[in-house]
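These are the structures, in structure tokens.
Look for chain A in each of the two complexes below; its partner is chain B in the first and chain C in the second.
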Partner chain A sequence: MVTVPKKFGFGSFVSSILWLVFWIVVIVTLVGLPLIFIILFYVPLPYIGDEVLTPYLFFSMMVDPTRTIPIIKFLIHTDIFRVMVFPGFGYAAIIAAVTIFVERKFLAKMQLRVGPYYVGRWEGILQLMADGLKLISKEIIVPSGADKLLFWLAPVLFVATAAAVTALIPVAPGGWVVADIDVGLIAVFAILGFFPLIALLFSWASNSKYPFIGGLRALHQMVAFEIPFILSALSVVLVAGTLNLTEIVESQYLYWFIIIAPISAFVFYISSLAELERIPFDLPEAESEIVAGWITETSGMLYGLIQLGTYLKLYALAALFVILFLGGWTGPQIFPEEIIPGYTGEKIYNHIVINGIFWFTLKTFGMIILFLLPRGISPRIRIDILLHTGWYKLIVLCFINIFAVLTLIYGGIIPTGGILQ
Partner chain B sequence: MIEVHIMAEQVFYGLAILTIGSAIFALESRELIYGAIGLALSMLGIAGFFILLDAPFVAMFQIAVYVGAVAVLVIFTVMLVRTNELFTKREDKNRRIAGIVFAFIFMIVIGLILLGSELSKASIGELKIDNITQKIGGEMLTYYSPAFILLALVLAGSIIGALTLARREDVDNSYERVN
Partner chain C sequence: MPGEYASQFTPIMYMLGMGFLAGVPALILSKILAPRKSYNPVKFLPMECGQMPVGEGRSHFMMQYYAYILMFVVFDVMSIFLYAWGTSLLSIPKSATLPMIGFLGIMFAAMGYALYLSGKKGIW
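What follows is the complex of A and B.
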């Protein structure tokens, strides 16, 4: 059937716009305004500065752009903004998305390929959106004989757990962190302990042999590298004297802890690679041996969710490396105190926070590039070598650094009980 | 302040329902994997109780050890076992009822003992200790150091015992290049 478009006439164009305006006015008066007044009656109005945010104030602020600054400030300092947008999920997801694209281009350049090129005008910049649309529109196939509940639940749990790790990462000075708890470092390791469980359950729920082999490999690998992972953070804790991630960053105001604990930093880097299942430790997803490992049976958005979770985890571990060893947000002050010279109105930006965010993002992205690098240059290693590395070598290296730090502490070079005290 | 108190009470009941419910689910589930998941959830509920009691350090180690290690070990073992050969007969009804009755009797006796003891009269009041984990660590390494060393020896002995049990004499892997 062929639909022939109506002949264009200016009169019909204007009348259609008028009809639209008419219906919008009718719906707003009959439904929108009563709804707004019902909501206003029950919801307590927030205070902006020292005046109540009434609808009249709201509309007058919308008319004058400089008066909207208090509203934006108020929104930025709510908890929901913290969880959803800035130090929480939104920021981490944007970094994860950028990482996926950068990884493809970066590896392509390393191997003298072109990489994504056609989508978008310049260098395939919109490839990620195309991939996302493709994943959303694809059918999700559940294998026959699969455990339906676990099969649907595990990818969601994977993303949720990865997002929970990112919620513990402090991004900038002044409390820019979703959950600032006293035992932050242990909480990170406790939450990371969920990943082998989820991988194992998902591989079992798939009811297929390749996922199951991949799941068992993931379990072996993550359990083997959990111990050097935790031990490598221990020397930093000995120096800083605290488990709170914000205080660990604040105690690096003189020097970065990578100077005191270089071996621990190396072990942390290697075990992060293993924890992230990245090459050379990608045995759980070895595509030339077991199809795609424990994510073989995923399709459509379930695969997309696991991919998102993996890259959120990559961001979280890179940020954790930056916090533990590279001084977090500390860095030279390069932003001026006032962004507009001679501006005397409401203060719109805090130069210390902006500076912290800038340095933190820069260092984290550098670490992410360092995590991506082995994929371009290294082959996969055998599983017995992997287990040997994890259980024999890395643990011993950790203890060497711990004893070095203890020597420094007992020698009186580093104060006992933390640098901040 | 009173709102916080009510909130804590509701959270306590929620956690109690989660913990006991998932424990019962772990016992009653025919599918062993679901039973293991129920066990992990029950452990998570106990971690929640520790957070409610202002002991986040213990809570985090509860999660790391019981959910991260013990539950994984249980599930790993369950996957290697043929489950339908384990359950050939259904459980006797009378035994279940007897078990529930005995559990109730035990709980009542324990509750009576606790209510009659000095514990029920102890009040925490305004006691507020900062850095309690640090203080416990200090005590462990000074006054209670003999107990600490003994625990360390027991752990080391059990690890060596496990290694000895797991060691296989009949496999010769000396020709395999490790690295």
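What follows is the complex of A and C.
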């Protein structure tokens, strides 16, 4: 006869559940209810439309899904939604994640490999998640003699600075941008200038020779390509007459600026590649010369954070190219005016905004693919040729386009007084 | 209002904070999850392709790039000045472009001379 030990008996099972219920009741009465009262007394309730959102109204809205639309509308027009979800961090991080996967598959197809294949049922779709788990569960090794504070801080700073760049990117019409400032373009250049400094700080902090060489190379590259990068956007500013990125997009409703500034667009593309440290210009991370450049000593999640920051930056620069030269969110209206015909209630669907998001994402993704492309087809450039390209050729090309645009403006071909007027 | 103008920039600070909010918990989680093996002095040495590191990590480094750095300081500021002109181009009289062309000519001549000299002296 089999005897069940007492602790596996049914009675003890019931009693354990009762104990659990007892403790939940005790904790809710002692902690939960006072907390709810404190919140109800001291936090002002938000206004939905013209009535206060009381708990009764909240629960009655929860019963009928169409009644929650005012709450959702209220939430998506707050700053916190913008920063955390849509034009801000969430959207950029999703695009960055998709970019990492697409880059691996795309380069594999270009080089007749298969790329990630096993994780997940279809084409290794879960590879990214596996990589994330791997990175987060690896030991972080801080080399002896490293500056501990800077070594831990620099990757986080890298991600934070990349996120700050994406804050300035307008995504859809109607103010879908985190920070809509008058000098948006200059602010983008200002924040992008921090990246080589972070690379140099990190390389100094890691107390090793390869990172140090890589950091100095990052600085050289920045010095050679910063001026063409800034000047290539000038011909767009000459035509648009503003530095606000939203207004630059709005002034392209007739034609894209790549038509009148093709050379500038080319220079912007080349110097963006240099700014991103991508393949023809990846001297700071040249893996066949200096191990991994300035990220040699990173391990585990520190490396993961730097990768995340790099891809956020890639998204930001591709989006900036789209905004300056490819007309941002402008495109033919392909979404219908209403999804449910004959519905006359509170609406959350805005066909113009959805259309803008669709075209913006499509163009940005096309640009990201263009940024990924040289990695499959091009070898690394020598450092003196890189500096020569930056200083002697690209700056001159920028000025050629600037003078062409000036000629067009003063010849009366582009209307003076701005496209906007 | 200067305060109002500065408050335009606070969303950038929010995004910066969001970056910290994403980065710091990831590092803390990694610190909790990751294995901590016993101390081993070789493991924490700086990476030098498997060899014992020779010399200091932060050594002196010949950086023969000063001519370009000086030019960068001048021309980076110039390009930002050009933006101030570029935004107001459509609201200033046409004759105001001539001094600008003169300024660009002077800068171009200076830049050409500097590049010529740095090419002649063989700095990179």
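One rule holds in what follows: the second predicted complex is superposed on the first by the 389 of 421 C-alpha atoms of A that agree within 3 Å, B and C clash if a C-alpha of one lies under 4 Å from a C-alpha of the other, contacts with A are read in each partner's own complex, and residues count from 1 in each chain.
As a working rule, a residue touches a chain if its C-beta (ideal position, glycine included) is under 8 Å from a C-beta of that chain, and two chains touch if they have at least 3 such contacts.
All of these numbers come straight from a predicted model, not from anything done at the bench.
Annotation for chain A, partner touching more residues between chain B and chain C: C.
Of the two partner chains, chain C is the only one that A:209 touches; chain B does not reach it.
When the shared chain is aligned, chain B comes close enough to touch A:201, but chain C does not. Within the superposed three-chain model, A:58 lies out of touch with both chain B and chain C [touch as defined at top]. In the superposition on chain A, contact is made by A:181 with both chain B and chain C. Of the two partner chains, chain C is the only one that A:296 touches; chain B does not reach it. In the superposition on chain A, A:117 makes contact with neither chain B nor chain C. In the superposition on chain A, contact of A:74 is made with neither chain B nor chain C.
In the overlay built on the shared chain, the residue A:365 is in contact with neither chain B nor chain C.
Residue contacts after overlaying the shared chain place A:162 against chain C, while chain B stays out of touching range. Across the two superposed structures, the residue set of chain A contacted by chain B and also by chain C is 181-182, 186-187, 191, 204, 216, 223, 226, 243, 384. Remark: chain B residues 33, 37, 40, 56-57, 60-61, 63-64, 67-69, 71-72, 75-76, 79, 133, 176, 178-179 touch chain A in the complex.
For chain C in complex with chain A, the residues that touch the partner chain are 8-12, 14-20, 22-24, 26-27, 29-31, 33-37, 41, 43-49, 53, 57-59, 61, 63, 65, 68-69, 71-72, 75-76, 79-80, 82-83, 86-87, 89-91, 94, 97, 104, 108, 111, 115, 124. Contact residues of chain A toward chain C in the complex are 79, 82-84, 88-89, 93, 135-145, 152, 155-156, 159-164, 166-168, 178-182, 185-187, 191, 204, 206-210, 212-213, 216, 220, 223-224, 226-227, 230-231, 234, 237-238, 241-243, 291, 296-297, 300-302, 304-305, 308, 383-384, 387, 391-392, 395, 399, 406, 409-410, 416-418.
Per the touch definition, chain A reaches chain B in the complex via residues 147, 150, 181-183, 186-187, 189-194, 196-197, 200-201, 204, 216, 219, 223, 226, 243, 384-385, 388-389.
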